[in-house]
Amino acid sequence: MKQIVTLLCLAFFASVPMWLTDPYLLNALITTGIFIIGAMSLNLLLGFTGQLSLGHIAFFGIGAYVSALTSLGFDVPIYGDFHIVHVPWPPIAGFLLAIVISGFCGYLVGRLSFSVRGAYFVIVTISFAEVVRLVALNWVELTQGPLALTNIPSITIGLPGLGYLVLKTKFHNYYLVLAVAAISYFLISRLVHSHYGRAMRGLMENETLAVAVGIDVTKTLTLAAVISAGIAGAAGSLYAHYIRIIDPDVFAFISTVTMVIMVVSGGKGSLAGPVVGGVIFGLLPVFLRPIMPPEAQWITYGVVLIVILFVMPRGIVPSLAAKLGLARAGGTRRASVAVSERTAEEHA
Amino acid sequence: MAETVLSIEHVAVHFGGLVAISDMNFHVNKGEIVSLIGPNGAGKTTAFNVMTGFLTPAKGAVNYCGADLKGKKPHEIADLGLIRTFQRTSVFPNDTVYDNVLIGLHRQGELKGKLGLAEAILGLPRARASEKAQRARAAELVRWIGLEARANDLAGSLSYGEQRLVGVALALAAQPKMLLLDEPVSGMNASETHTFVQLIRNIRDRGVTILLVEHDMPMVMSVSDRIVVLNYGRIIAEGPPDEIRKNPAVIEAYLGQGAKDVVKEVAVHA
Amino acid sequence: MDQLLQHLVNMLVLGGTYALLGIGLTLIFGIMNVVNFTHGILYTFGAYMMFIVVHQLGLNFFLALPVAIVAGWLLGALIEITLLRPLRGADIDTTMLVMIGAWIAMQSGALWIWGGVAKSIDNPFPDAPLVIGPVSVSWLRLFVLFAAALLIVLAYSLINLTKLGKAMRATFQDSDTAALMGVNVSLIYTSTFAIGSSLAAAAGALLGPVYVVFPQMGDLAAVKAFAIVILGGLGNITGAVIGGFILALAEELGAGYVSSGYRDAMGFLIIIMVLIFKPTGLFARAERVG
Amino acid sequence: MIRTIKAASATALAIAFLSSAATAQTIKIGVNEPLTGAFAASGTYVVNGAKIAADEINAKGGLLGKKIELVIEDNKSNPTEAAAVAEKLITRDKVPVMLGAWGSSLTLAVMPKLVEYETAMVVETSSAGKITTSGNPYVFRISPPSFVEAAAFKNIVDKLALKKVDFLVINNDWGRGTAEDFSKMMKEKGITIGLVETMDQSAQDMSAQLAKIKATDSETVIITAAVDQLTLIFKQAAALGLKKRIITTGGSQNPDQIIAQAGAAANDTMHLTTFLPWMPEKTPNPEATTYFINEWKKRGFDFAGCTESFRGYDGIRTIAAAIEKAGKAEPAAIKDALWKIDVKGLNGDIIFKKSGPTGQESGQSFPNVYLVEISGGKIVMKDL
C-alpha cells in the first residue's frame, strides 16, 4: 500500500515536466526540490535521532563550494611560494567529492558535538555554520569570498557510446534533482528501517535505556550525521551547478530555517514529511507573490507556519495519517507482526 | 566453588559530600538469582549504575567474567552481556511492543565485515536474511513474555506491569549472560507477580545469571538464592533468604519504614 | 598598550549591553525551555518604541526608556499568551518553529510599518567624548553601560529576592513539583517571558540611539544573545553577565589582533571550544548523574 | 491589521487583473530589486527612483505611442530568488528588458538567465568587476566598478599628499573590490598601504576596528560602506578620538546625512561620489537633476535616498532610450540599441563601452566621479 502511494507520487513528479510548460514554475520546483533534499537529510537527524541541527546549511554550503571549486579549479597560496593548484575536473567529480567531503565534515561535527544535547547542540551547530560562513567569506584566495564563484559549469553525464549529456536546461535539471531526491529518499528509508535506524530511534526515545541494551550513542549518531551531511552536500552541489553562482550567502541562516520549517511542518520522523512540507513551503512564496505586497508575503508565510503548527503540532503527515485512521506513521505497516513471516524488503 | 560472574570490590560512591555507597563488597555466581534489598536511599540503584557504567565509582572495582569494567562505557558493558532494566523508564514509549524488542535486538543485526551498512541499505541477501531472523526472534520473544496480543500497541500505552515485561523482553533481546533487574515487579498485581517469578526462573534456567533490586519482600524471598542487604551505602547482611529473614540487623534497618509489615509478611511466607 | 587599553574600555561598554541581552534570553530559555527566536525582534521593537516616543511623540529621552521597557513587557506577555500558552507540553522543536514564524511575521511587519531605511535617534548627551589619557569613550555609551548595570541588578534582585523570583526558580528546577506546591505555573511562564522580553526591549531602547534602528537589527543581536546564554549556562543570570563580557572581550581582541573579518567568528569559536570541553557551559553547576 | 492585509491583497489582485488586460497597450520593463531582507532600504530607493522616471516618460506620452509599465518584483535580497524573479519577469510577464538587481551576488545570479533567454539587463548599482568581465553580452552597467573610481581618484592623490593609508571596508564584493583596486592604484603612486580592515554588512559596532586603526601611523583612512554604516563609523570614530583624514568611496554615501548625524565629527572628511544632489547646477544634466530632486521631495521620500535612487531613475531612462532607438519592444532589438544610445544621465553621459572577452563583451558606462569635502558643516566641491 505504502509502496504504491510512494511509486504513484514518484510517477506524478516524473510526469510534471511533460505537462508543466511554465519555465518559472519549473524553476521554482527545481530549487524547491533541491531544498527538499536538504530537508530530507535534516529529517534523518531531527526526525530519527532527535538532534536538532540549526547549522545544517553548513553541509549544504560546503557541498556547493566543494563541487564548484572542483569543477572550476583554484590556485591557493598556503605559505610563501607554496601553492595548492587544482585544475578543473568534470562537474560530476565535484558532485561526488561534495558528498564525500560534506560527509566527512558531518563526521567531524558529529564526533565533536554529540557530547552535548538539546539546546547546547543547537547552538554548537549554529556556531559551526557561522564559522564556516565566515571562512568562506574571508578566505578570498580559495573561495573568492564575497566576490562569488561564477560561471560554474552545468553537470555533465558521460553516456557510454553516446558521448556526453550536458544537463543545462530546466528539463534536464528537473530530472537530475528528482533522481537525486528519489535516491536519497530510498537510502534514508532503507536506513531507518534497518537495525541502524532502530538504534537511532531507540536513542531518540530513551537514550539511557538504549545505551543499556548496547546501542553505541556516538557511533549511531555519527553515522546519522555522516549520511545526513553527505546528502545535504549532494543537494548543495546540485544548487551550485544549477544556479551557477555561489557566494557566502549560501550559508545564510534563513536557509537552515527554511529546511527546518519543511521538516517540522511536514512531520519530523516521517519519510514523506519533508516532501509534503517542502512542496508547501517551497511553493507558497510563488503563489503569494502575485497577490500581495512583498512584506505581506513574508507575514503570511510566518502566519501560515504558526497556523499549521497550532492545528497539527506533530506536522502535516503524521496528523493527517492519524485523522485518516492510519494510526501513527509506521504503525500500520506492522499490523500483523506477530506473523513474523513478513520479509525485510516489505518493510523498506 | 561456583564460577563468579560479577564481583563488586571495595566500591565507594560520593555525591559531593554525600556518601551514597561506602566500601561495598559482594559477588554473584553463575546461574544464581541474587537480590539486592534495602530501605529507600540505601544505594541500590546507585550500585546498579556503577555496575553498568553509568557512574564511575570513587574507589573500588567491578569485575565481570574476569574483566575489570573500569572506564568502560555503558554500551560496551552491555556488549559483554551484562544487561540491565530500569525502574522508571523501562521502554521506548513511542514504539510498539514489537519494535521495542526489535530495538533491543539491534546488536544481532550487525553483520560481520565492513560492508554491513551498505548491505543493509541496499538490501543485499545477507542483510535481508539477518533482518528476517531478527523479526522472527522479536516475534518469538514477544510471544514468550506473553504480550502477543499487545504486540502492535505503543509501549507507552501499556499498563505499568506490562511495561516492566516489555523492559525484560528488551533486555533479553540484547542477549544477556547476566541480567540486572531494577524493581521488576513494582506496579504488578499478585497474579502478574506470580507469573513474573516463573519467568525469572525460566530465564535463569536458560543460563542467565540474575541480580535484582526489589521492594516486594515475598517475591524476593520466594525467588532468590541469595540476598544482599544494603543500608546507608553499606552491606549489613548477606545470605540465603532463611538467614536474612531472621537477621536482627535487617529487621532493625527496616524499622521506621513499615518494618512491622515486612516482618509480618516475611513471617507469613516462612 | 594604548590600543589594548582602548580595546578593554570598548569591551566594558559592549559587554554591558551583551549581558543585558543575554539575561533576558537565559531566563526564557532556562525556565521555559523555549528557543526564543522573537528575542531579536523584541530588541528591534524596543528601539522602534524609543524612536516613536522621542521623535514622533516628541517626549523626553529619559521618559522614553521606561515606555519602551513597558511596551516590551506587554508585547512579550501577548506573545506568550497567544502563541506559547496553547502549546504548553509540545516539543521544543514545535515551539521553536512557532517562534520562528512569529519572528518572520513580526520582522516583516516592522519593515511594512517603518520601512527599511534606518532611523537614528537623537540623544541629549554631548558629542565630544570623555577622554582619559589614551582612552576615550562617548558619554552616551557610558550612560548605556550604567543603565544596563542598573537593569541587570534589578533583574537579579527580582529573581533572587522576590516571591515571584522564588516561584520562577522553583519552576526552573521542576515545573511539575512547583505546580504541586501551589505555584501558578502559567502565570510564572507569562511573567518570565514578559520580563525576558522587556529586558530585550530595554537593550534595544538603549542601543537604538547608539546605533541606528532598522527591521533586521535584532538578528545579529539575537545570535549573540544565544551565544551568551550558552556560554553562561541555561538559566544562569550571573553566567550570562560574565558570558556577555567574555564575548565582548573575544570580539574586541579578535578584531584588534587577529583579523576583523573573523571578529564575529570569535564568539562562535569560543562556544564550540567551551561546549566540547565543558558541555554544560562555563558556569553551570555540575549535575548529579543517575 | 488583518483588514489591511485583505485590502492590500484585494488591491494587488485588482492591479494584477488590470495590468494583464492592459498588456497590449503598454511596454513592460522588468525591475528586479531587493524589497525585503537585508537590502530592502536600498532596493526600495532604487524602485522609487525608477518610478519617477517611468511617470515622467508616461506623462510626456510614453514610448513608441505606448505607456511604459514597470513590473516590479522583490528578490528578497537572496540570489536564488533573484534568478527566479528574472525567470518570472522574462517568461511570465514577457518583459523585453530588465533593470536590476542591486547587489553584485544578486546580479551575478541573474546573469545565466539573461543568456538563457537572450534578454538584456541594465545593472544600476552592482560594483563587482566580474559582472562586466566574465563574457556576458546581455549585461549593461551604468554604475562605476571600483576600478573606475580608483582611476578617477588617481588624478588627485598627489594634491592630497597621501603617504600612508589604512582601509576600513564593508566585507562584500564592493568593499573588497574597492580595497583591492585603490591599493593597486596607490601602490603605483608610491603610497604605503597600511591596514585593510573589514566589517560585516550587518555590523553596527566598529569600535574594535577603529581602535586598531587609531593606533597606526598612517594619516588617512579610506572607508567604503553604505550611508548608515558610515554614519555609525563617524560617530564611533569621534567617540574614540580618531583624528585622521577620512575619505569615503562608493557613491552611496550621503554627506547631508553625515553632517546631520555626525555633526562636527564630519568636518574635513572627503567623499568620492558619483552624484551631486545638493548642487544640481554642477551636475552634467542640471535640468534633469533638478526635476528628479523636486519630484523625489514632492513624493515625500527621505532626501538621503537620492544618492541611491538616482540609479533607478537613470536606469529606466537608459532603457527607455534604447527602446526608442530600437523602435520596437523586442529583446534582441533593445539589446542592440543599448550599444547605440547616448543618454544625459544625472551623473554623466551614459554611453556603453565594450568590456570583457572579445565576441561577448558586456556594456560598461563610465559615469563622472566627484570629490566633495565637508567644511564648516557645508559641502564643498573639490576639483578632480
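Labels A, B, C and D are assigned to the chains in the order they are written; within every chain, residues are numbered from 1.
Heads up, the rule we're going with is that a contact is a pair of C-beta atoms (placed from the backbone, for glycine too) under 8 Å apart; a residue touches a chain by one contact, two chains touch by 3 or more.
It should be emphasised that the depicted structure is a prediction, and the values quoted were computed from it without experimental measurement.
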(request) Report which interface contains more C-beta contacts, comparing A-D against A-B. (result) A-B
(request) Report the chain whose mean Cα position is at the greatest distance from that of chain A. (result) B
(request) Provide the C-alpha centroid distance between chain A and chain D, rounded to the nearest whole angstrom. (result) 36
(request) Could you grab the centroid distance between chain A and chain B? Build each centroid from C-alpha atoms only and quote it in angstrom. (result) 41
(request) Indicate the whole-number Å distance between the mean C-alpha point of chain B and the mean C-alpha point of chain D. (result) 73
(request) Determine the centre-to-centre distance between chain B and chain C, using the mean Cα coordinates as centres, and give it in whole Å. (result) 48
(message) Can you pull out the residues of chain A that are in contact with at least two other chains?
(response) 137-138, 293, 295-299
(request) Could you list the positions in chain B whose residues touch two or more of the other chains? (result) 54
(message) Residues of chain C that contact two or more other chains, please.
(response) 108-109, 111, 219, 261, 264
(message) Applying the document's contact rule, which stretches of chain C touch chain A when the two form their complex?
(response) 29, 33, 35, 83, 86-87, 90-94, 96-98, 100-109, 111-112, 219, 223, 226-227, 230, 234, 259, 261-262, 264-265, 268-269, 271-272, 275-276, 279-281
(request) Over in the complex, which chain A residues touch chain B? Could you list them? (result) 187, 190-191, 194-196, 198-199, 201-202, 205-206, 208-217, 223, 328, 331, 334-335, 337-340, 342-345, 347-348
(message) For a test of understanding, state which residues of chain C touch chain D in their complex under the given definition.
(response) 2-3, 6-7, 10, 13-14, 108-109, 111, 115-118, 120, 127-129, 131, 136-138, 141, 207, 211-212, 214-217, 219-220, 251-252, 254-256, 260-261, 263-264
(request) Note which residues of chain A are touching chain C in the complex, please. (result) 46, 52, 112-113, 115-116, 118-120, 122-124, 126-128, 130-131, 134-135, 137-138, 253, 257, 260-261, 264-265, 268, 293, 295-299, 301-306, 309-310, 313-314
(message) Considering only the defined contacts, which chain D positions touch chain C in the complex?
(response) 1, 36-45, 171, 197-200, 202-205, 207-209, 211-212, 214-215, 228, 231-232, 235, 238-241, 261, 263-265, 302, 304-305
